[in-house]
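Common to both upcoming complexes is chain A, partnered first by chain B, then by chain C.
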Partner chain A sequence: MTTFLELLANGISVGAVYALIALGFVVIFKATEVVNFTHASLLLAGGFLVAKLHPALGFWLALAAGVAGAALVGALIEFLIIRRARVGSHGVLAIVTIGVDILLTTELTRQIGTDVLALGDPWRDQVLHLGPITIAETRVVALGVAAALITAFLLAFKFTGWGVAMRATAEDAETAALMGVRLGRVSLSAWAVAGALAAIAALFLCVFPTPGLDRSTTAAAMKAFPAAILGGLDSTTGALAGGLIVGVTEALMSGYQSQLAFLGRGIGDAAPFLVMIAILLFRPAGIFGTKELARV
Partner chain B sequence: MAGEAGLEITDLAVHYGPVRALRGVRVTVPRGAVVAVLGANGAGKSTLLRAVSGTLRFHRGGVTSGTVSFGGSRLNGSPAAAVARGVVQVPEGRRVFARMTVAENLRAGALGVRDRGKVAEARDRVHALFPILAERPHQRAGLLSGGEQQMLSIGRALMANPSMLLLDEPTLGLAPMMAARIAATIREINEQGTSVLLVEQNAAMALGLASHAYVLEVGEVALSGPAAELAASDEVRRRYLGVGTPETDRPVGIDAEDAPPELTPRPVRTLPRWTA
Partner chain C sequence: MSRRSRWITLGAVWGAVVVAAVVAPFYLEGFWLQTGLFAMSAAVGAIGINLLTGATGQLSLGHAFFLAVGAYAYVYLSTDVGLPTPLAAVVAVLLAGAAGGAFSPIAGRLKGAYLGIATLALIFGGQHVLFNAEPLTGGYNGRPVPPMELFGFVFADTPDLVLLNVPFGALERLWFLGLLVLAAAAAFARGVLRGRPGLAMNTIRDHEIAAGVMGVPVARYRAGVFVLSSMYGGLAGVLVALVFQRAVPDYFGFLLSLDYLAMIVIGGLGSVAGAVIGAVFVSLLPQLLTRYSDSLPLVAEPGSGGVSPAEAARILYGAAVVTVVLFLPGGLLGLATRLRRVIPRIKELRWPNSATAPASRR
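What follows is the complex of A and B.
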């Protein structure tokens, strides 16, 4: 029972981090209808900046720089590539983002080489004892931060002018333009926000118990894709649910791996994709989605 | 033309790719006036409004010659700039944001306005014109009736404090009662100082509201003049007002679709319509 609770707590925490990534993914999709495959490299870029800058700047400033940097990279991708290609079909744009992702990831992994980079976070490997369960401090912080960011984001989406412009654009871009909404700005802000969220997620994917940032970090980031897709690509609620489902499934499957040995080793890593496929079989648009990926 | 420059469209040509939708179109809307544009399906009425509001690119179209200017200076084809200059379009088919509430739709209409005081004023004006919108701020727009959605669509455009309102078939698909109400509201909006460019198939209603009118046929201005003169002209009566049928005297509610086939204009070259 204790194991189960611990696994569950860890799963929820990691799931909240996946939700952060998935949220950025969904925001870009809503604002521009582009399926953004550069997300993993945005995340890597954010994490890389924190790792490289923290010895000089200290952790918090480095984190701020990483967040700003990833937001900037996102904005640049939008401004230099996506915007220029605006008239092209969204399917083609998705493939363009795959190309950009490969470029960025290749360059970043070349920089990282075989190193495992520490991010210099203040929580290190401390653990908390909450009743019967023992959990890493980083996991608790991750959950708290992700929950706070997601709440702030959803409130902004619901109540600010930016959020109204986003939703109006997502629903009907031409009519939003008739209201004086500058679609370029909406799209730019979506990419920047997604980059910033990805950088925060990078931090929590690389801290204890993970040894640090290395070339395999993108693989962890990739799990946010099934999270976004199974929740519904155009649904913020879906991103949250998807993130949690993926996080918890992965944690439980890895935790009970010995009992699940008949499924083969490494089932935890494959679990998110299996869950995604299972859900898409029954709900092609995802749990909360309204648009099928195939129609994009 | 009363001294002040309103909307001036000169020698406008618009293409959608290789397809020509407008040629040599000249339309003037003096400040404070209501001007109507009539025409059959596919005549280019919506295209004309898109050229003014700067939304042709959403349909893969563009202005290939001619100019659109407002208040004496050119509109550069950006929708946001047009809104900032006070030129606001109500799109054909209402196009309310169905997943958003009534209040959010109105808020969306004011997204181009910075001054909060002005937004509050505009909301009061819209609520006074359309009390139903004040009564149901939290209802999802998609659940409103067609007539209510049209009111919301007009109200949303008014949130931007337009000095020139472009209306694309505001009575499309509405029952005569509701169409008459919309017509009365358009007159009221105009009396409050907003110029109106009204695109309609409902010729009787449009000619009743407008001071001047233009008839578009296959992308060109076929007729124009004072609305009363057009309403009296044989050609317009025959083609758009259904002379000789009991429809003639009905002030509103005559849809082109309702008119007997022989009263529709000469066969129009039909072009594929790629976007609804």
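What follows is the complex of A and C.
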């Protein structure tokens, strides 16, 4: 039972981090209808900046720089590429983002090489004892920060002018533009926000118990894709639910690996994708996604 | 150009291509033959994914999985089951198609980039199976691939065969098999694209609702094209395995899928020729950079800390994908077509009174 609770707590915490990534993904999709495959490399860029800058700047400044840097990279991608691409379909734009992802990931993994970079976080490997459960401090912080950021984001989405502009664009871009919403700004800010969220997520994907930032961090980041799509690409609630489902499944599957030996080694890594398939079989638009209907 | 002279040029170009392809193994060294064979197998796979992504607008990031199915099914069926190798190859392609069919409840319902994310499951699930199903796949180290044997003719280095003073080893022999397979694959895909199915596929890509209203069974077509393109993937897998002579799970990962997408975007979406051009470009680039890394600026030799040829190639074609979409819609093939239209016009400008002003430019 204790093991189960520990795994569950870990799963929820990792799930909250996935939810952060998925949220950025969904925000970009809502604002620009682009399925953004660069997300994993945005995350890698944020984490890389923190790892490289923390010896010189100290952790907190480095984190701020990482967040700002990833936001800037996101904004630049939107400004330099997505905005200029005059293509008929959004599917082709998705392929452009794949091209950008190939570029960024190759360069970043080359820079990282075979190293495992520490991020210099203040929590290190301390653990908390909550009754019978032992949990890493980083996991608690991750959950807290993710919950706070997600709440702040949802409030901003609901009540600020920026949020209203964003939702109006998602509803009907043309009408929104006619009402004076600047589509360019909306999409630029969406990419920047997504980059910033990804950088924070990078921090929590790379701290204890993970050894640090290395080549395989992109693979971890890719688990946010199933999180986003199984919740529904156009739903912020879906991103949260998807993140949690993916995080908990992964934690439980890896935790009970020895009992699930017939599924093979490393089933935890494949599990998020299998869950995604299982859910898409019954709800092709995701759990909270809107089913596309058209009047002919 | 008049119609007749265009036919003549077209015939001359094709003739030159065929002659070059047939003569190549007599002159090229093993390194380039192998690269060429990889390009051929890549072209087969790229044609398949171009049917799906280019012509039907369905994104797939999972095609490396179907290559793996083709390659491992061939190994398993020919080694463990003991089927004759040509039969094993055919069944391997059918199995890849069946794997695509098993995915069709998803492939038929999701569209575009959604499907792209869903197919990531094929890659990660597939890698999991490849590494764990050791009796079948040999686990991390992979398995040796038995050479193809067609009507008593073995596609391997032994028995010795010398043709016109050139020793014909496995690569030289496979070269012709590869050419035949590629030609057949290209001809079939061209038939599909030019016929009714091709029109239906393009309509689904351009306007799903319109396609549905005009009586195209959208979901069935999407699933069908997915199956067809996974069979092309399986065929490419069999070829790659034959050239490599070993099937290792690592090869069939996410990066391979990205390579295939890059090929069709760079070459030109939605056409057979585009897929072939892109496949040649993406397969040749890293090899060229490797071969000439010491004389190229900015490219370091592998392991020396600088930008290795493989990385440089990856960066180059990542950039190529972006540039092509931004500035060259239609890819390299589109560029060629555009040049063909522009050049006569330039001539016209230069000699305004020339009598050969084109009456029918198209």
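Everything that follows uses one rule, which is that the second predicted complex is superposed on the first by the 287 of 296 C-alpha atoms of A that agree within 3 Å, B and C clash if a C-alpha of one lies under 4 Å from a C-alpha of the other, contacts with A are read in each partner's own complex, and residues count from 1 in each chain.
As a convention for this text, a contact is a pair of C-beta atoms (placed from the backbone, for glycine too) under 8 Å apart; a residue touches a chain by one contact, two chains touch by 3 or more.
Model, not experiment: these values are computed from the prediction.
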{"item": "Simultaneous placement of chain C and chain B on chain A, clash or fit", "value": "fit"}
{"item": "Partner touching more residues of chain A, whether chain B or chain C", "value": "C"}
{"item": "First (chain B), second (chain C), both or neither touched by A:A173", "value": "first"}
{"item": "Which of chain B and chain C A:F79 touches, first, second, both or neither", "value": "neither"}
{"item": "Partner chain(s) touched by A:V164 [first = chain B, second = chain C, both, neither]", "value": "first"}
{"item": "Spatial angle chain C-chain A-chain B, Cα centroids [nearest 10 degrees]", "value": "90"}
{"item": "Chain B versus chain C as contact partner of A:Y256, first or second or both or neither", "value": "neither"}
{"item": "Partner chain(s) touched by A:R182 [first = chain B, second = chain C, both, neither]", "value": "first"}
{"item": "Smallest separation in angstrom, by C-alpha atoms, between chain B and chain C in the superposition", "value": "10"}
{"item": "Chain B and chain C contact sites that coincide on chain A, given as residue numbers", "value": "87"}
{"item": "Touching residues on chain A, where the partner in the complex is chain C", "value": "35, 37, 81, 84-85, 87-96, 98-103, 106-107, 110, 222, 225-226, 228-229, 233, 264-267, 269-270, 273-274, 276-277, 280-281, 284, 294, 296"}
{"item": "Sites on chain B touched by chain A in the complex", "value": "53-55, 58, 60, 79-80, 83-84, 88-89, 91, 95, 97-100, 104, 107-113, 156-157, 160"}
{"item": "Chain C to chain A touching residues, read off their complex", "value": "53, 57, 59, 105-106, 109-110, 112-114, 116-118, 120-121, 124-125, 127-129, 131-133, 205-206, 209, 212-213, 254, 258, 261-262, 265, 269, 307-308, 311, 314-315, 317-322, 325-326, 329"}
{"item": "For the chain A and chain B complex, residues of the former touching the latter", "value": "87, 161, 164-165, 167-168, 171-182"}
